[in-house]
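Look for chain A in each of the two complexes below; its partner is chain B in the first and chain C in the second.
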Partner chain A sequence: MTSDRPAGAGDRRRLALITVVTVALVTLPLVGSSYLVSVATLALYLAYVGQAWNVMMGFAGQLSLGHSLYVGLGAYVAAGIFVHFGVGPWAGLWLAVAICSAVGAFIGLLAFRLRISGVQLSLLTVAFAELARIGFDHLDWFGGPGGLFLRVGDRNHIDLLGFRGPPAMYYYAMLALAAGALGVCALLLRRRPGYYWRAIREDEVAAQALGIDTFRWKMLAVVLSSAMTAIAGVFFAFYNNSLFPEQIFGFGRSIEIILGPVIGGLGTLFGPIVGAVALVLLGDGTTEILAKAGVDLPGARQVVHGLVLLLVTIYLPNGLWPPLARALGFQPRRL
Partner chain B sequence: MPALPYVANAVISGTLTGIVYGLMALGLSAIFGVVRQVNFAHGELMTLAMYGAVGAFQGLALDPFLTMIAAAMVFGVFGYVLQRGFLNRFIHRPEHLRMLLMIALAIIIGNGLLLAFGPDARSVQTSYQLDSFELGPLLVDKVRVYAAIAAVVATALLAAFFRLTLTGKAIRACADNPIGARVAGLPVAHLYAVTFGLGAASVAVAGCAMVQLIDVTPGLGPGYTLLAFVIVIVGGLGSMVGALLGGLAIGVSEALAGLLITPSAKSMVSFGLLVVLLLVRPQGLMGPGRR
Partner chain C sequence: MAAASTLAMYAFPRRLGAETAKLKVGVLLPRSGLQALIGQSCQRGADVAPELLRQRLGVDIELMNADTESNVDTARSRAERLIEQGAQVLVGAFDSGHTAAIAQVAEQRGVPHIVNIAAAPQITEQGYKFVFRNFPPAPEIGRNGLVLLGDIFREAKVAPKTAVFMHVNDTFGQAMAKGVAALLPKLSLPFKVVDTIPYDPAAKDLTVEVSRAKATNAELLLLVCRLNDAIVLRREMVKQRWSPMGVVSPGSPGLYEEQFSKGLGKYGDNCISNTVWFNPKNQITHDFAAAFKKRFPKDEFAFHGINASYTFDAVLIAADAFKRARSTDPKALAEAIRQTNIPATDRVSFGGPIKFNAKGQVDGNRSVVIQNLRGKPTVVLPAELAEGKLVFPMPKVS
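After this line comes the complex of A and B, so read on.
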């Protein structure tokens, strides 16, 4: 993790904070309970897919409401060749990324060449995710509506090649992915793509007038975002070990992906992370408290998510991160 | 290829369902066309009305077709208050924020229903539910006919309101040119609220009509929100005639796909249609020139 600014006032405090967070994240599986590890893995997973989605919407301003498409495709591709041909996740990862990038490029090509934007673009992305959901229900090779199941490996033995092992291994994998995505996004934002994307997000016509090839840069955002999301799908397949079209491609899943970055702060680097943590803390916190009280209420967690989204959209349209960053002594920037 | 009577049956029942779909989509279209609000909670509002109809039937033995009238009023007032007291404050926010606001409401309504009523499917069993009209070789479900009649009446009332009343005319003026309407002194905030109320009332009527055609579960919302969008995009965002034609097109194509391919493929046809139309004619069948 890097701080947002070169050395200056309050730098020591920021450095201390970053050190504490890093140490906490790295040592969490050593000291935390297995429940805590699973919750933290979920938070990191949401932070990662949120970061991936944020590239398209937060940076380039293209609202996708169908990102479950890439999670699902990535998961099914890797799981499919694993179940049928015994091809491991590391090879499957490349295939999943390739296929998802191609699908993303295809959708982007259709949408941007035909100048579809705004609501229509969002609906187009939903439509493709729904088509995949219904399509996979009819693909027997992938198990159809009955689901696709992966052999569960030995939980006590770490097998990095087969991506099988104890929960802590999955936690560290997700931590590495989330940190990597943060690094990639931080780098991109400081380079040409970041500036061009933000120009397109703020005013596409003006960006075009300045000579930016908006089509090309929007395509880059979509392809990068879908490729990153595909990796999350592969992780999901081998972490969860069972895939159902209804579950993985559902509209609710796409919404779950966008909640983190929206709540944390659209277009910010730390927004998706802060948002994911807030969602998981509040959502699972509610479930925990209810469970302690002896009630199991399906839907309670989602209601909390909805309320958080509502309150944030009303009172903090730029998300939780900017005020939080100010409080922590970071220079808040909407990147 | 199935025998002709089966196809004719599917076309007729598809048309009848399509009329109800049309009314549901009309609400979405009016809200979008006038308020420029993308109502992502449309399906959830319908599900809410359906639970109302189930509750009224189980608690008060009220026929859903009677509940419909009360539901239209309650949802009309609710929609008015929601727009006037809450959504109007966000009119000038960016489009994606207003969409997110509706998504938040949708999540809260949908999962609130899950909290309140649990995941089990509920339904209404009236005495005439399994009856049908026989027309030669054709069998048409009574509930479907009644649902379509109710939807036609509601649509006619809505059309009459927009065509014949001064408020309706003012709302159309608002849709044409919001700034001009404001300059001319029209109470835009009030008109937006009336429109949202009418949209909510339409979807409530559609919900009460649908309650005997499908089982009610808390998770119905997103599917119907998307369906309403498909219909409205097919017909053209903001066009009322388009919403009705789009409803018929989707109703019939779903019924035919269910018969000719497989029942589970029916929504594939509507989403396929949506993709094709978005790409070929994003303004929809009846929409104005390209954006």
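After this line comes the complex of A and C, so read on.
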């Protein structure tokens, strides 16, 4: 984990870099094409959910392989009450967060009271995600396996209340979420929760011996992570406008969530962002390069993802961010 | 008048003038990932289309292929990319979730999207103006498949009194099971379902399930399956020497697929699927099959029947609209697609004329009874399309 804080002589250079990145992100929809905005939105979405997952695994050391549960629940709750009662996403958001936090708390309670951790905990999270997938297949109120569809809004008009509008609106929403998550995580890591989570992650027994209420702080990590992921689910529902249990609760979606932080740097603040951007850029870049070369190679992106994961695991076990941070003059340190 | 002009267009193809450019058709299919097998099968139908449609309609089409990677996010971004690269029509994308994401982009960008295959009814219930589908929604496929059961019994002059219903317990299987349960009582079919047995599509062993089904002494196996489980299940039936009068799928994949026939040899024969299919009697189908064989000599056309045919027809609809609109402007193309009236004899897939209703849906796509005969899926009903004779009851396993 890193403090990710510019310090010393290179301050000005680092500040310039941060300014350039910020300006580029803010002005991207003004200068970029719809496709670029769509890809950037996806990268930010992956960075955000990666950050949410990182709270639980990267900071507190609690492995979840079923985070699609919270994306799906958040999406279905907000979309369901929107479709059936006309309740807008802003109200739905709170309900989604409340339900996902409660479900996260229940899973945490179950796991931590029964002293389930590591691989067993990850299996438990997968089991809950699968349970939700199968369950939602049978819930006609949510459309069952046939899917739940939201009416698509007019692309040319911004309706902030209904969260309907052009792709740029979704991009800025996702940018705000990703930036907000970064801020919250940075703040937490510099406060008591960050130190306690680090202690629990490194040695839970030692942390207990030091008087840390490990149950309480692990629960906080799970609830915070599930609540943050629920917000991504609400975004997903109103961005894609169609939900299918198979797609949203699927194991593939959980893996998609964890790839960013794993490649970028598990437990680091900027790792999930760097990982998500690298994966999206490499994936779409490969597709574009191959298309320009006239090569039609289905699945090239997955091959690239696999290769990157393999190379990072072998040569950069701490992820892309630590060496990148050093190269940029930041001082990454594991929390 | 419109019909006459359409007929004339097909009868006397004429090349479009130099003033109209090539039509750029963006084809979005899941050619990698979980659905790669089907996506690649669909792609074959699209690949054959430009040359054949140039000969038939005198229009030039350029395909712009994109792989959705069996992923809804990718489907969306690739649709955006294709439009940005100049695609004037989008075709795809087999999966309902991917199709919904692409439809949304198409609608927002004002580019026509012709759905080749996707069965979620809601896709054409959204009030979209630029989304068109020439494929029956899931409830219609299920209903057509069950109605054809009666035709089988009438043709064979024998009907089972009992049936056991086995279905995969995944999303698709559950949806089909619900549909079957709701529709069967309304259709006055002669048999009674004595047991319903769900099973895991990933199961490597179905001994228990087949034993339970056999123990019911049901005369008919009504089966909603996928590919691998269908092979495992049929093998187990042979092993347990269970020979009902028939093994019939009311609209699921599996039984008519290449791997099923090749994997089971003679034991794959006589299994029946009531499903959407191509019309083997149409001249365009013969031309399409010949072009398909030429382009993909190692592939048997029949095994790509649904996927390739419906994808080809989607490109055909685009080409037909392009010819009439004499424009590549997406809005003009969308208007021309709304006026589509392709005669039933000029389409590859089986159904009535291709005409879109106010929702952008083609009504009147029909199913046929396919039976595996000598290792090949063969149309046996309706009689006017039959390529082979129905074998029912199926011979006992020896």
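We adopt the following convention: the second predicted complex is superposed on the first by the 318 of 335 C-alpha atoms of A that agree within 3 Å, B and C clash if a C-alpha of one lies under 4 Å from a C-alpha of the other, contacts with A are read in each partner's own complex, and residues count from 1 in each chain.
The criterion applied here is as follows: a contact is a pair of C-beta atoms (placed from the backbone, for glycine too) under 8 Å apart; a residue touches a chain by one contact, two chains touch by 3 or more.
Keep in mind that what you see is a predicted model, and the values were worked out from it rather than measured.
Placing chain B and chain C on a common chain A by superposition gives a clash between them.
In the superposition on chain A, A:299 makes contact with both chain B and chain C.
Contacts of A:146 after superposition on the shared chain: chain C is touched, whereas chain B is not. Once the two complexes are laid over each other on the shared chain, residue contacts for A:114 go to chain B alone; chain C is not touched. By the document's definition of touching, of the two partners only chain B reaches A:124; chain C does not.
By the document's definition of touching, of the two partners only chain C reaches A:35; chain B does not. Of the two partner chains, neither chain B nor chain C is touched by A:19.
Contact with neither chain B nor chain C is seen for A:27 once the two complexes are overlaid on the shared chain.
Here chain B runs into chain C after the superposition, and of 133-141, 223-231 or 241-249 the stretch doing so is 133-141. When the two complexes are superposed on chain A, the residues of chain A that touch both chain B and chain C are 137-138, 252, 298-299, 302. Partner chain A is touched in their complex by these residues of chain B: 38, 90, 93, 95-97, 99-101, 103-108, 110-115, 118-119, 218, 222-223, 226, 229-230, 233, 237, 262, 264-265, 267-268, 271-272, 274-275, 278-279, 282.
Of all residues in chain A, only 57, 63, 110, 114, 116, 118-120, 122-124, 126-128, 130-131, 134-135, 137-138, 250-252, 255, 262, 297-300, 302-303, 305-307, 309-310, 313-314, 317 touch chain B in the complex they form. Taken together, the chain A residues at the contact with chain C in this complex read 33-35, 38-39, 42, 137-138, 143-147, 149, 151-152, 155, 240-242, 244-247, 252, 284, 287, 296, 298-299, 301-302. Considering their complex, residues 31-33, 36, 39-40, 65, 67, 69, 71-74, 76-77, 80-81, 83-84, 96-97, 100-101, 104, 107-109, 120-122, 125-128, 138, 170-172, 174-175, 178 of chain C touch chain A.
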